């Protein structure tokens, strides 16, 4: 039984990272009705930047057990790139969806080369710091403590976001802005600020995801383009714009990947799309999405 | 009036939203030659009623018969082909299509040409006939090649209704067709409508309206709703003679 | 005749294979400078025209541009098998001398380009797996029974694994496959594969993962405790050798460096010079793709000069291509030659790894080399049949 | 003087939609902007609220120009607006819709006070507190929309088609509400296309036709003017 | 009776984007079209061999985008997985050859059409329930599903190495007096030219037919369309199938040009390029996307030779175009023209 739980836990870890990126996607979509195809690139940027800052800090004598905080900090700082990005995307808020998709697609194209320009074509990685905190194990089930920390971060962000959007005044203001920009402005909401805030926050979730995954992985030019598709699968399964959907969707995708790696490796990617299709047939708007029109 | 003349009939229809009952056991019928108005305070359930009658919403209970067959939930397309058409409370047009094209959409449905993917649309005499006749009836002829989104507000409303008329329906449901239309234009719109209805052979009209002026001028029969229930269903003159109902609908001391 | 020779180079710069292309391009840079400093090829300077290798569809267009627009004399490069497969017929058709650096995991190693006139291809990508399998048998025989793999999910990954099992069978090594993990190239989250492997409790793990995938796998495997007591056979470890940090890589791995091992004590002076230049300039240690680039260029040079010597005037592309088979060159990683069927023979370097060195990644405790006439199927043979009948010297 | 438009011109897609509009509203005044569909009423409102850039002219609030300012800044200064189509936030409950303005604008009065005042005009809304905006009927939305603007605690309230879609039964309630708003010293600018909806206690009337102000005066003056009546009431 | 009591405000054009409405063909347009065709006919005589080889992928994308735009421009459905059908076309051609040994181009086209029809019908059935971003994501999922199928089922599809598409015969003729470049720039070029003209004509008829108007109605206002008797699901599904067939025809041409059917054809970024081309050219116009394909191919070709950071510049140019030219190149031309007329 223990191996089975180990696999489940591996899936949960994948889900945690996927959730961070997908929730950024959801937040931006939820409020701004923009599908950010560049979310993968932003994730990659978080990864590269996280490595860059953390290795620099370690070389300057940072105590190793502080590295998660440096990573998190790097993710947050580089997430500020959302501010200029929002400035670019602001130019097409009034256009049809296809334009927003395309503009973020353009950003994605550019990002690959920007990353290559700064970091070259070789994949980058951190020294093996993820074992700094050892392994947590119980009943034969074990997992690196660092991974547990990442899961904890994702879960607390999930709960925090749900509370923030559902219960706080700012959250309600965001939701109002999501629905009708002009009327929100007429209610005294500084829409520009809300958009900058949301886009930056959404970007930050992505960069944090990228930074946190790094001790276990490496940063490569392709990582973003690959991730987009998975993040989309999460979002489609969970329902566009729903935070709960992002969490459940990420969990489903993470677990499916893990379980199929164990029991039926041929199906890994296919299984994800099979679920996507099944969900869309059964619940066209996704598990927690609102129906269209 | 024989029962054969009944075109649209709803029996005991209800619509629930969770605990809230927006429509409660309503019976009604519309017969050939009638102009039935539905009135009632805000939130009385008028729009819900139209939505159920036109299959946009399933009734929670009860059923709706049109022209003798059950139409509960048959879907909008089927309704349109059977001869039940509607215009919306908020103006609904095709922003990028011209008046000509908009009316042609209905014409193609009516003539069942919808799967003709290779014929020239306006090369067809039949389509052209319907387009020109309908546009004429609604005074839209000068705008034939204007896009819907470029039409003045009032014309848009007419186009919305005209395109529904071009389906040559038996019964037409109109949800506040003059909402937002200025006083100066309201009667113009209504008269255009009625004239067109006659011209295009529409057999009965059902109207949802707050403007009692319009209601009293054009209706043959009036249904009053309140809190999801039908509280009156009377010929026009009897309706306006009933002080109690009038005060519910119009309020006390209104003009 | 004093016009420079224009050589088109096609190599990936972005995407997953960008890192491989980069090393090859650096190799070409160095090689060209060196050739030009020594007077060029047949007295003509070499001029490079570089294009990027992307999808087969777009790379074909780049190739045609080199041929028709840039009027190059020769095209070298190509890393991915898919692209080389599309390009070979086009090169034949346009009579363009074309030498592939790599990218010859061809359709289950069947020859899809019989009797080429203009196209020269590299050694089979499976050579390194054959050699690694032989070394695994030599060093680990009797020390394992339960085997598992984690390989890239495409032909290269599948062929290497099948070859390993075939050789175990051929040498009567009793074994049991307990898990097969396939990972999409570029997938950097292998935690579930690691968990699945861990559950299978293998004695030996064979992995031909490439690029960053391998170090990431090793790191995750190490952190999950999978590296303890498990033997590893990593024929492609040398693709990312500098990323395989000691802290998560155990010693004693069967470790492939393909056709060049940068730290080979027996290396030629040329290789040492190159490695030094590379390390100084790029703060990194080169791998085999630089050698492939060097080899391709030197083979072309030798062919041109051979044809020139025979003819005394500048040879046609046909004459150059006819001259190339049979030429021997001393490549960076050791001796190499072009076979009559236009397939390269080169020297492969592998061995058991050690962490006792001055780098932060493993090197070879002792270098074993094999010439690819030992590792590669002969002309016209079927790879899988040949594996069964070949006489390997273990 | 509180709000003044001075020779405002607005061009939309190449067409002059507002031409040299000048008008003013004083504290405590109820002013109606009357005109047929498409005359330019909503455009006037949208220009005031900063949604619509001017071609020329100026819009002044307490003598300083507000045209070109961001909408939320204009709101901050004390203008409240209900758009033509109500635009209730469908994702928020009625309660949140009405409370929202108290979070975004400080007015010196307590939030509770402001909210209570809004419900006082439409007590019926208390029945739907937890219903989502999406689930309301057309008329209910209108009520929420007006109540919401009131909760902003504005000095001047701009109501675009306040009575559209409202049942005659409820119109007196709103009229009363309007009067109580005026009594607090607030100004109201009301756009209306329905002559019969014009509140008898309106102080002044502007009649707009094809983007031009063609009449200014009291209701009585308007009723006396045949040309004006033809425009707003039809023949 | 007053028929004209409804006040007529000045007629204004909307500020938002204009969508395609089938325009009449003006004489100027006919002449321009004639010139372009004439130029294409004599192209092999004047255009350098290399640029001739670029015209073949251009033809392929022209066909693909004609179909794509039926869905996107006329149907309002943005597919982010349309490259799937390009791949189906290319693989169908390859499979025909590997299974039967037949290398007839006509048979390749036929196989592609049959395969894309069969495969697109269930997808169309499902996808026609959706619009907007959901449609985009669903099609993206199908595209990626097929992409991973191509890789996973390598014993059928050749996996990452793909399947060879050998040089075909045209009307049974071998034409081996031409080498491949000459073949592509000569007989194959003219063959494709005629084919694309025919396919353009067919598409032109479709968008101006009764069916076409129902498709546009479903794009503009689905609920209203339903009440006017438009069977929006079927209308959309049919558009999807037609556009899939067009894409597969383009796929065959691409396959022949490359000589290979490979999984990258189905990758989602390839679909992104299609959208790029459509928007670049202007999807509000019948031929806008075709123009977009032309410009895209030249742009990518030039940029990738100029700099190794061509993706960056491609992205930057795209971003600028998206921001400043909402109507694409065609939209800009039209704006310019109408300014000229006003002056």
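When the chains are written out, they are named A, B, C, D and E in that same order, and each has its own residue count from 1.
Basically, contacts are C-beta pairs under 8 Å (C-beta built on N, C-alpha and C of every residue); 3 or more make two chains touch, one makes a residue touch a chain.
Remember, predicted model here, so these are calculated numbers, not experimental data.
Student: In terms of touching chains, how many steps apart are chain A and chain B, taking the shortest path?
Tutor: Steps on the shortest route: 2.
Student: Identify the chains in contact with chain C as well as chain E, in label order.
Tutor: A
Student: Considering A-E alongside A-D, which chain pair is linked by more C-beta pairs in contact?
Tutor: Of A-D and A-E, it is A-E that has more C-beta pairs in contact.
Student: In whole angstrom, what separates the CA-based centres of chain C and chain D?
Tutor: For chain C versus chain D, the centre distance works out to 75 Å.
Student: How many angstrom lie between the centres of chain B and chain D, each centre taken as the mean Cα position?
Tutor: 30
Student: Go ahead and note the Å separation of the Cα centroids belonging to chain A and chain C.
Tutor: Chain centres of chain A and chain C, defined by C-alpha means, are spaced 36 Å apart.
Student: Residues touching two or more other chains, restricted to chain E: which are they?
Tutor: 2, 5, 7, 9-10, 12-14, 16, 148, 152, 223, 310-311
Student: Can you tell me which residues of chain B touch two or more of the remaining chains?
Tutor: Where chain B meets two or more other chains at a single residue, that happens at 152-154, 182, 184-185, 187-188.
Student: Where in chain C do residues touch two or more other chains at once?
Tutor: In chain C, 13-14, 184 touch at least two other chains.
Student: Under the touch definition given earlier, write down the residues of chain A that touch chain D in their complex.
Tutor: For this pair, the touching residues of chain A are 169, 172-173, 175-176, 178-180, 182-192.
Student: Give every residue of chain E touching chain C within the complex, in rising order.
Tutor: My answer: residues 48-50, 53-54, 57, 148, 151-152, 154, 158-162, 164, 166, 179-181, 254, 257-260, 262-265, 267, 270, 300-301, 304-305, 308, 310-311.
Student: Chain A touches which residues of chain D in the complex?
Tutor: Contact set of chain D toward chain A: 49-51, 70-72, 75-76, 81, 83, 87, 89-92, 96, 100-101, 103-105, 148, 152.
Student: Show which residues of chain E lie in contact with chain A when the two form their complex.
Tutor: By the definition above, chain E touches chain A via 16-17, 72, 78, 80, 126, 129-134, 136-138, 140-142, 144-145, 148-149, 152, 222-223, 268-269, 272, 275-276, 279, 283, 309-312, 314-316, 318-319, 322-323, 326.
Student: Give the list of chain A residues in touch with chain E in this complex.
Tutor: 29, 35, 37, 88, 91-92, 94-99, 101-103, 105-114, 116-117, 225, 228-229, 232-233, 235-236, 240, 266, 269-270, 273-274, 276-277, 280-281, 284-285, 292-293
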